[in-house]
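Shared between the two complexes below is subunit A, which pairs with subunit B and subunit C, respectively.
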Partner chain A sequence: MIIAKPRLPGLLRGIGLALASAFMLAYVLAPIFWLVSSSLQQEAELTSIPPHWIPDHPSLANFRAIFLTGLGYAQPSANGVDPTSGGFIPSVAGNLLPAMGNSLIVAGAVVLLNLLVGVPAAYAIAKIRFRGRSAALYIILATRVVPDIALVVPFFLVVRKLGMLDSLMSLIITYLAITVPFSVFVLASFFEQMPDDLDRAARVDGCSRLQVLLQVFLPLALPALVAVGLFAFLASWNEFLLALMFTQTAASQTLPIIVAGITSDFTVSFSFLNAAGVLAVLPPVLLAVIFERYIVSGLTAGAVKG
Partner chain B sequence: MALRLSHDDRAAYSLLAALAVVLMAVTAFPILYSFWISLFSINLRRPRSQPFVGLENYTHVLGDPVFWDSVGRTAVFSVIAVVSVLVIATLVAILLDQDFPGRRVLAVCLLIPWAIPSVANGLMWKWIYDANYGALNGLLLQLGFIHSGMIWLGDGSKTIPLIANAFIWKEVPLAAILLLVTLKAIPADLYAAGRVDGATAWYRFVHITFPALRPGFLLVALYEAMMAVRHFDLFFLLTEGGPGGASDVVAWRIYVETFRNLSFGTGAAMSYILAIATLLMSYVLIRSMARKL
Partner chain C sequence: MARIRFQSVSKRYAGGQAAVCDLNLDIADQEFLVLLGPSGCGKSTTLNMIAGLEDISEGALLFDDQVMNNIPAHQRDVAMVFQSYALYPHKTVFENIAFGLRMRKVPEAELRRRVLDAAEKLEISHLLERRPSQLSGGQRQRVALGRAMVRQPSVFLMDEPLSNLDASLRISMRAQIRHLHASMRSTFVYVTHDQAEALTLADRIVVMRDGAIQQIGTPDDIYERPANVFVASFLGSPAINLLEGRLGSDGGRLCFQRGALSIPLANGFTDAAALEGREVLLGLRAEDVGPVDAATPVLSGVVDTAMPTGSDQFLGLVVEGVTLFLRVAKDAAMPEGSLASFGLNPQRLHLFDRASGLSLRAGR
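Moving on, here comes the complex of A and B:
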């Protein structure tokens, strides 16, 4: 049915919408704009009053320093002047790229494991009426609301006892547990919407449950798989609390840990600090912008019923 | 009598096996283990003596005014956060529910705060609030609202609202997307009927849109309250509980008790109290989610 939603008269409505849109864009984008602008300014310009909202002489010196030291082509300065005005490179600069690598490995592994563990479980919940189904459903949903801070103490003691502190494995396993309930829920809502006839017809043709899942459901579920993969990736890339507890050295420190360290390091210039922030923000923002449709439909599927 | 499993039961259990192992080992076991730990006096500073103390950690925590002060701050933070998120997200959802050129651009931009890491969010706002060179002082000075730079995070009376603001900015997108779903579900003929009856836009908002949004409000409020009550990252990044304990919330208290005082027993007791509080809060949420499947 196509009946328009309530509308104000033309011109008034146009002005109202334009104003509201401008307001919303400013609210959402202004802080990010300032982060990026700050990362491109020279330290002298950045600490001038009033602030230069748009850099007079944008410079990529911070990013060059991060990549050159990260790849081993340059060394951090022992001491000296600022990176953006004279080539000083803070000692943490070289840690950013390796930390980004750690974050990528962890997030990638968590995505794969989420799909491996989550897809079969979601299919069972959505398409098989088995004994204990509602109990399973409640347990999965309840684990979704356990606060991560409540798991920190036992996680830490167990990880320490297993000798897994300061390893990527401890992060991968705990992130999997944190993300997989939501993945199952989103996937199950998606499978649920697929006709039962599809399931029945395939099994009449002699397919096993697993074959039905792999050959009939999975290809159709691609948008849901993408959404779930993105959620798991972003959650792992962004996670801070557990990484703060488990990681100790560059061997396992993820990007948020290094960036948090820089935030409270008074020897690092404001300009460099913002560059580190941009580095952490860029990958998730690109993913969100590129896959916006998948994310919104996934969030909607994972949303609660009113 | 042996439990008889149908073919379907067995298929389902084997498909669920991997998930069950993960959740048992990495969620259920830690939760139980955490309760066990909370019954001992464990301090890593004296690893040889870890006596069983029963519920003493709980009575100690619940009788500690420092803990209750942090509960109070958590409550203030959560109320500010939840109310603001609801108001802003409702406005955003109503805007995105309209049909106009540029709507897609707005929808895409809206996802940006949702996607960025909380650490980057903390860094960004800490720099904006900076007392010497921050953008907030810069902007207010340029606009003539203030005549000299203000101290923001360092002023205990402003700390909680300022941290809440950073939290709200990041939480609005998800809340708006969820509310938009509820809005889209309002049947258009309801509005058509309202228009035929000559209802004004305001009347239609109050009597059609608002009531229809109510269930969405409830669930978003619950979800955001859960997120706010447990929030840790911004408190760590922006103020470390300061100045002078002004942002010492429950999540921060758990962190300090456990990893700075190394008192794992009371830390676990506090986490358990927090977990039970959120679980009670989320009961409604869980039930309505289960109804969906």
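Moving on, here comes the complex of A and C:
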């Protein structure tokens, strides 16, 4: 005799799934929502109890303060002013825009150099048979086994010896050391999936190795290039530890350093801090939205081969 | 125009295994040469060395009188068609065909003319704006041919170009490739493991095995006068029947003997007396049997299986404990279990030394 196995009724199953999704969504989005919401509130409203998830009096005052001080049209408030009094501007406010500029320069340079170095290296590892090919890939990958924090002191000594402390160059160089291995790995996996015959056909058709790379593989590798570029951008944009060690003045400090610095100010304005946070989140989000359709295929392509 | 010469060429990989060993080969200008052999025999490696896609470990490769060893692929006047077609997925059919010409900076008007011309010959003019992913296998194959054709190369290489096509298309493409050769006046080197392709296309066939040449000759040479057991059994469908036995003499005439079977052999052995007593393999192709008549030696046995094939029938004939496969006329009624006899033409029997596998025929 066959006993029918009781099935979870479809409705219950649907409700469960919806609840789980809602919880997951809230878990991921709530902090971001709070960040954006509070950046649009004045300090007085932000500190009121109970907190307002939707601002009663939304205002761009915090953003205005960042741009006006950054461009020299306004001055930070004096020490001791009550941040809830309205119109309070922290002392580091004027550094936010320059820091954003620094972050963009560093991240942009890291992306470009990553592609410039990573693409030829990955092509060589994937398609040219040379002595020590797999050893090269393993050594490149092995550098990523060491945690960044173990490298901070040696990096610092090298950067100081080179006279690069407190310069953007120090960040660009160290970020490259951290991001290039990953880029090479992802790109090499991508190139490896492209048939060898494509490489051979292009060479017989009259391409030098470099031309094969530029004319045939690069156009095909666009998703991987985008994924790799985005990763390098995010890694540089978000990096805190090394930037904290190597930079001392606003001339080279990046956004995370300045944003973190707001909390160590004499008087802390949390609504202002959150406005700075929104600015810090914006560029990566914009990039992700623009390149969204490439990202998934680029990442999964790299994921298949280990 | 290119005569291609291999002078003691070897190819060894990093691990030390040799893909090609001491290859000596002279390919005439405008010849259609087929490299034939099982997979892993070194035929593709040989082709890739001509293309410049594989380094040469030892020896010299010459085009006419120029040593090519260190000339990179893109500087050789060579075009190639791949088994996988290897079309550029991001380019249209037109751009795929034009790519080689663009790389060689052919003027736009001339390039257009040549691409359109090739497309017309291959009947793919209506596909020029499509991408490879929108084409069928046969169409891709034509695009790959077109890409090689427009270059008007002095050397035209093909690496199993028809293996991915279905059987009927393969046969019509064979004819097209023959026409291409006739019209192009290039030297063709064609790699295949398909003996039928080799026999229909080639001016000369090179049979390879384990990185070494087994025999070079016209399709007739290779089929009718195989140099060794490997060549004999690689060509022909069904495979040649091989019968172990020894050479004896019967009334002063050299005979193949196995048990009660004794087949007198035709003359044409260099030193018949010295061959007596030698352990040999007798090669008999399935189609080389005829009706019995007084002049010919006779092969008798019990019919084991009879398989009609449409045009004729295959028989399994048990002779001296060995089943031989024969192709005979369909109308001959050969019920299974019956006794059957066939006439043999001594001229068409192949004889190999059992130890070395080499043919014992004179002139080999």
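Definition applied: the second predicted complex is superposed on the first by the 271 of 306 C-alpha atoms of A that agree within 3 Å, B and C clash if a C-alpha of one lies under 4 Å from a C-alpha of the other, contacts with A are read in each partner's own complex, and residues count from 1 in each chain.
By definition in this document, a contact is a pair of C-beta atoms (placed from the backbone, for glycine too) under 8 Å apart; a residue touches a chain by one contact, two chains touch by 3 or more.
A quick note: this is a predicted structure, and the numbers were derived from the prediction, not measured.
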Subunit A as common anchor, with subunit B and subunit C clashing or fitting: fit
First, second, both or neither for A:Gly206, with subunit B first and subunit C second: second
Touched partner set for A:Pro50, first subunit B, second subunit C, both or neither: first
Partner chain(s) touched by A:Val289 [first = subunit B, second = subunit C, both, neither]: first
Which superposed partner A:Thr69 touches (first subunit B, second subunit C, both, neither): neither
Partner touching more residues of subunit A, whether subunit B or subunit C: B
Touched partner set for A:Ser170, first subunit B, second subunit C, both or neither: neither
First, second, both or neither for A:Ala142, with subunit B first and subunit C second: first
Partner chain(s) touched by A:Trp34 [first = subunit B, second = subunit C, both, neither]: first
Partner chain(s) touched by A:Pro120 [first = subunit B, second = subunit C, both, neither]: first
First (subunit B), second (subunit C), both or neither touched by A:Arg131: both
Lowest C-alpha to C-alpha distance for subunit C against subunit B (Å): 7
Overlap of subunit C and subunit B interfaces on subunit A (superposed complexes): 129, 131
Subunit A residues within the subunit C interface of the complex: 129, 131, 195, 197-198, 200-208, 211, 215-216, 219-220
Contact set on subunit B toward subunit A in their complex: 5-6, 8-9, 11-13, 15-16, 18-19, 22-23, 25-31, 33-34, 37, 88, 91-92, 95, 97-100, 102, 106-120, 122-128, 130, 132-133, 135, 138-139, 141-142, 169, 173-174, 177-178, 181-182, 185, 188-189, 191-192, 194-195, 201, 204, 215-216, 219, 223, 226, 229-230, 232-233, 236-237, 251, 254-255, 258-259, 264, 267-268, 271-272, 274-275, 278-279, 282, 285-286, 288-293
Contact set on subunit C toward subunit A in their complex: 14, 48, 51-53, 72-74, 76, 78-80, 82-90, 99-100, 103-104, 147, 151, 157
Footprint of subunit B on subunit A - complex, ascending: 1-6, 8, 14, 17, 20-21, 24-25, 27-29, 31-32, 34-35, 38, 46-47, 49-51, 116-118, 120-121, 123-126, 128-131, 133-134, 136-143, 145-158, 173-174, 176-177, 180-181, 184-185, 188-189, 192, 209-210, 213, 234, 237-238, 240-241, 244-245, 255-256, 259-260, 262-263, 270, 273-274, 276-277, 280-281, 284-285, 287-289, 292, 295-296, 299-300, 303-306
